[in-house]
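Pasting the structures here.
One chain, subunit A, links the two complexes that follow: it is found with subunit B in the first and with subunit C in the second.
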Partner chain A sequence: MEFTISREELLQGLYLTQGIVERRTTIPILANVLIESSDDGISIAATDQEVGVRRRCEAKVKKKGALTTNARKLYEIARELPEAPLVIRSLDNNWIEVSSGKSRFKIVGLDPKEFPAMPSADSVHDNQGISIPSTLLKEMIERASFAVSVDETRLNLSGIFFERPEAGQLRLVATDGHRLSMITRSVEGGSAAPGVIIPRKGVGEIAKILETGDETVRVQIQGGVAHLSRGAVELSMRLVEGEFPDYKQVVPQKSERRLAVGVEPLLGALRRVSIVSSERTRGVKMQIEPGRLELSSINPDLGEASEEIAAEYEGAAFGIGFNAKYLIDVLSVLGPGMQVEIGFNDEVSPGVLRCEGETDFLYVVMPMRL
Partner chain B sequence: MLSQPSSAATGRIRVLPPDVADKIAAGEVVERPSSVVKELVENSLDAGARSVRVELEDAGIGLIAVIDDGEGMMADDAVRAFQRHATSKVRSVEDLFHITTLGFRGEALASIAAVSTTTLTTRPNGDLGGTRVLVRGGEIVEVRAAGTPAGTRIEVVDLFANVPARRKFLKAPATEVGHVSELVTRTALSFPQVAFSLKHGKRTLLDYPATSDSSERVAQVYGADRAAGMLPFHGRSPIGEIRGWLSGSHFSLPSPRQIFTYVNGRYVRDKLVSHALVAGYSTLLMHGRYPAAVVFIEIEPEEVDVNVHPAKSEVRFRRGGAVHDLITRSVMERLRAQPHPLPSVPEGTPLTTMNPSVTQLHIGLPLASGRTPIAPAFDSPTFPARPGATPGADTYVLRRFEPGSSPAVRPAPMPSMSPASEGEFSRLHVIGQAFEGYLVCEGGDSLMIIDQHAAHERVMFERLRRAYAAGGVQRQRLLVPPVVDVGAQAAPLLAENIADLEGLGFELEPFGGSSFAVRAVPALLADGDPEVLVRDLAEELTDVGRSRRLTQAAESVLARLACHSAVRVGQSLGGDQIRALLQAMDNIDFAGNCPHGRPAFITLPRSDLERLFKRT
Partner chain C sequence: MGPVTILHADMDAFYASVEQHDRPELRGKPVIVGGLGNRGVVSTASYEARKFGVHSAMPTLQARQLCPQGIFVPGRMQRYVEIGQQVRQVFEEFTPEVEPLSLDEAFLDITGSLTLFGGARQIGVRLKARVLEVTGLAVSVGIGPTKMIAKIASGKCKPDGLLEVSPAEAEAFLRPLPVNQIWGAGPTTCAALERLGIRTVGDLADADPALLERSLGNHGPALRALARGDDARSVEADRQRKSYGEEQTFDRDLRDGIELRRIVAAQAEAIARRLRRDNCVARTVTLKVKLAQRIGPGKYPLLTRRTTLAAAVDDGAAIHRTAVALWNSIKNGLTIRLVGVAVSGIQETGGAQMPLFASPDVQRRTRLNRAVDALVDRFGSDAIQRADSVGVKQHAARSLGKGPR
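The block that comes next holds the complex of A and B.
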């Protein structure tokens, strides 16, 4: 195989593979990228057998074929080279030559036939997928991913639940057992479909392909695999096997007390007050009274802090405790100018946070007994 | 009775009256309700029963009934069964060395009858008439014909009514029922083809339908979920054969209670066997953690002496070394072939690519939830051939890092605001982490070596203890309360202590049977799996039993929870994590030992070091 490619195009193709190739792999070829010629250029692919990415790149192919070599080293080489076209060609015994200007590299490769297949369902090409603008999916992921469990042993909580509750709708739900974030948006196409769990690593890779631009993303779920395509990039990942908790049960039907407050003042006050709270549990007490909200924390090792902010509330005074991190997490992904409404029933029932003017986002957080 | 007045001249040594001798002998066999159940259930099994039902009233003091559908007895056999050393199972001394039945001493029924009122109702299959024998305090009171289903039904009432001392030493009803429940469970595991049930009053505690498949029985006992994670294994050597199920390396318990071992079908609790089993896990288990396992060992009857202890849970092997080898090797081989427990979440998953806030968890005192499977030995091509060998010792390096190089995760504390950072530990110059378990530091004129697990455990324990002392541990409520089956032995203990458990940070709600819904867990430990926490709690309460009230046992419960959530040996710590740990160590009143009493750090003065190098 031999082809000429611009440095920029090669870097773009390799960038997406860097998070996927395994750092400490026991299967050497998983640290490699697979480069194959296609009709109008080349494709660059990497997989860890759970998540796989492939990007088509413009290149002038002189001799068709395939090659595979270490993803990180090739990326480093391309990054350090000056801006000029690169010529990459395969030599005997899977060696690869990279040359650009006066620089020449000869690096080891492996037999491309040994390269593992991308995660794939038996037949991906159905019409059941949905199309969604990148910015929208990006926002949805941002508002859900922080609630994914970090406990690696609880597999069913270790990803985002993607569901199509009705035709033309996409819903993302994530929970770690203490709080739950749920966002629903309209999308093009697709009938109602039961949810699947997209693994945390896959979510990270999706976020990566959504970083810039506003092209449409196509999402298809089939046969235990999620398949996303956007422009020249294709991403596929094996779904988490396991049953996602029945999240609808968790959402309180109604809230007897409602507090309305600005994101910015609440977030600032929480950050300040939680400085003295216990480093691990971040317990902060909210004392809610008509027209105001007082946040306080006490830490026997350190001292105490309190802050009062203005809030809309009518009703009897009421106190409840939360892990400040759980509130800071959600407020940080909402626009600072926004106004949120938090609903409560009593000090042991979940609090429900909604954004003013948005009916399709909802955050449920369990209180802490301080 | 032993000190009856006797004339000084005559001999002081007397032959005991038979009723006294019987009671003494009974004491060896019949210690508590579960020993009665054990003897009766074994008799049922030896009689070829396909179904064994155990029913208790008042934790066995009111009534113990064992009902089987075994071969039953003719009238004269039914009477003879109550005589000491009457048995159908052994006829000569020779037979003692070829024992294949469970019971053999021929003293069980006599012993039970000596300390209770016992009714035996039996009918051989095929005979029309049955027999009922009533025995009170060892005396046969009545023998008469009686209609009854084929099989044998034994009812023991007023247990220990005539031995008040024995009755006084019984534990709380919940504990005694727990013992019976454990007994039935361990017996059921080795007889899958027999149906077992256990009722206490109106409550059915256990119900294991008969099955031809022993893995089905394992699933009945452990629950389908847990059983699915257990690895079947098998091994063979000239001394015999071993088979069973092992939990994988990602699962462990704080006590060996869920290890069930059997030799030739007989349940044994033998040091050699359990040592060999744990040795098979080698470094996959932390010190003090145990697997769940069901292990059947089949060896020639001549190779094992079961006639060691009246309770018969110990055995003596003629060639202990060979048995030990067989067990350890088989376990090791199976675990080596074990698939990675969590294949879809590779270690080192870069969380940062997704969301920076997730990584914040690691900034503070880290890794409490780090139940990362400790499986280094699997990746290592040199799996230790001997138990106790350090796997891949040559791969351990003393890793250096620049203490100042911690990326800007934590804002530099202002000295005046952070007295904690001035402490003895945080002032240490960290040289590195050795063997992924010890922090090597230099401070003043000494080297200090800190056991990371012991130190972190101590830190967690102190935090929990302080929170507890300050009026209760903060509780994080759970969105979806998981339902945890803690087992029949622990359930009553948890149920009795629900109110006090809130002070420890747990909110539990009985959920039928031996299950509880977990509404809240200690906030300090909330990163972990709540089910694991509650199981640990249940184990600890069972260990502590009712000998102390929960409020007095709080410390040991907290110690166990702390141990579980602390970083492990084998976990590599980054510079920030080490700093955070040292700082946390300054914040507590450091007595220098982990809650289990092991030292958390040692110091090596420079002068000693120099002496070692013969510089002085």
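The block that comes next holds the complex of A and C.
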């Protein structure tokens, strides 16, 4: 195989593979990218057998074929080379030559026939796909992904629940067992469908392909695999097996006490007050009184902090404790100028946060005993 | 890690000394603190009482026979806790590295404080003076290069003593001691060592490791290392408890019945409250039963049964249920003189963060437990009890702070 490619195009293709290739793998080829010629150029692919990405790149192919080599090293080489076209060709015994201007690299490769297949559906049952603007999907993922569990033992919480509750709707739900974030938006096409769990690593890769621009993303769920395509990029990932908990059951039906407060003042106060809270639990107390909210934290090893902010609240004074991180996480992904409403029932029941003027986002957070 | 200097501080006849301090008329008299009922056990005997052969863990009845003129007083746990906290604060004036063993006993790693206070002995002298100044009580202090040596030293210099064993003196200090002074050398091990002709710590230090391993397994080489003064265990400040337990010796023998279950329920509730206070949950529940028929002077058969739960709990009802199931697994018709419940397999709950997906039943229990805890915090443990536990004395059930850790 031999082709000429612009440095920029090669970098773009390799960038998407960097998060997928395994750093410490027992299967050496999983650290590699597969480059194959196609009719109008080349494709660059990588997989860890759970998540796979493939991007079509413009290139002048002189000799068709395929090659595979270390993804990180090739990326580093391309990054350090000056802006000029690169020529990549395969040599005998799977060696690869990369040349640009007066630089020449000869690096080891492996037999491209050994490269594992991308995750693909294990059945042909076709599940209708949906189309969604990339900016919308990006926003939805931003508002859900921070709540995904990082606990390896809670596999069914280790991803975003992707559900179509009704035709023309997409809902993303994520929880780590202490808090839950849920966002629902209208999308084109697709009928109601039961949810699937998109793995945490896959969510990160989806976010990456949505980073810039605005194009339509096509999402298809089929036979245990989610498949996304956007422009020249295709992403596929094996779904998490397991049952997502019944999230509807933990959303309180009503809140007896309701507090309205601006995102920016609340976020700032939480960040400050939580500095002295215990590092492990990050416990912060909220004392709510008509017209005001007082945040405070006490750490026997360090000291204490408190801050008062203006808030809309009518009703009896009330105190409740939270892990500050759980509130900071959600406020950080909301617009600083927004106003949020937080509903409470008692100090051992979940708080529910909603954005003023939005009905399709909610965040449920369990309190702490302080 | 370089060489360390460890100080072991142990209050002298703690509960009895507190009583003598608070009630001057008891000073110089044989004071015995403990359960006063027929089945009571001595918690602490003053040095005056010890001359009569009275010691802790002895049945009170036996103590009365040995020392008829003794002054027997019930324990005042709250007061001991209060003084124990004052003592702890004094310890912390010398180093933050304090590992409490009980209310009245702690290891201090003073390695980092030596320069500041002018040496180990100086720290010992000043610590004794400060404890006396703050509490009016005497403390014995042992100083050594390992925990074990420090503890043996404080035991040897009691009461009101101070004994420093320098690293150079450690070998000479340890070698002549009887082998039962080594940590982990209980009666069974000592008997096995005796058969090998090992009687002193020196004998053990010189013993053939292969021979020890043959007769004692892995335990052998470990004991030999201790005998040679090799003890890498460091002082662990703020050590997490490994278990929580409550037990009670009855005034009269009990047969299987409602009363026993009530006592177990009260113990389970008390343990659960302590777990919740410490933001911990436990997975293993142990039931301990001492049978009434005597098998020797002060000796009764002891049965223990334990089980591990699917999920860790801090709920008294769950601990109670498990303990009762364990009781049912022990054969019926037994007459008992003591029952105790303990939990182990302790995990911290990550503070007091509540879970989202708890079943409604668990949520109800959480609410109930929280309300109960709030009442107990405010009005004391008599303020609220399970209806079927009313009348069960929980103070007596509390194993006076010397329980397992």
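To be clear about the criterion, the second predicted complex is superposed on the first by the 364 of 370 C-alpha atoms of A that agree within 3 Å, B and C clash if a C-alpha of one lies under 4 Å from a C-alpha of the other, contacts with A are read in each partner's own complex, and residues count from 1 in each chain.
In this section, contacts are C-beta pairs under 8 Å (C-beta built on N, C-alpha and C of every residue); 3 or more make two chains touch, one makes a residue touch a chain.
If you're wondering where the values come from, they're calculated on a predicted model, not measured in any experiment.
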item	value
Three-chain arrangement built on subunit A, subunit B and subunit C clash or fit	clash
Partner chain(s) touched by A:E50 [first = subunit B, second = subunit C, both, neither]	first
First, second, both or neither for A:R179, with subunit B first and subunit C second	both
First (subunit B), second (subunit C), both or neither touched by A:G283	both
Which of subunit B and subunit C A:S332 touches, first, second, both or neither	first
Touching partner for A:N323 - first (subunit B), second (subunit C), both, neither	both
Touching partner for A:E312 - first (subunit B), second (subunit C), both, neither	neither
Which superposed partner A:V348 touches (first subunit B, second subunit C, both, neither)	both
Between subunit B and subunit C, more extensive residue contact with subunit A	B
Partner chain(s) touched by A:R369 [first = subunit B, second = subunit C, both, neither]	both
Clashing subunit B stretch [against subunit C; choices 55-63, 397-405 or 433-441]	55-63
Set intersection of subunit A contacts, subunit C complex versus subunit B complex	175, 177-180, 245, 250, 278, 280-281, 283, 321, 323, 348, 350, 364, 366-370
Interface residues, subunit B side, partner subunit A - complex	250, 342, 344-351, 353-355, 357-358, 360-361, 364-365, 368-369, 371-372, 379, 420, 463, 466, 470, 472, 474-480, 507, 520, 523-524, 526-530, 532, 587
Subunit C residues within the subunit A interface of the complex	279, 350-357, 363, 366-367, 370
Contact set on subunit A toward subunit B in their complex	19, 22-24, 26, 48, 50, 145-146, 148, 150-155, 158, 175, 177-180, 199-201, 203-205, 207-208, 238, 240-241, 245-246, 249-250, 278-281, 283, 300-301, 321, 323, 325, 328-329, 332, 348, 350, 364, 366-370
Contacting residues of subunit A [partner subunit C, same complex]	175, 177-180, 245, 250, 278, 280-281, 283, 321, 323, 348, 350, 364, 366-370
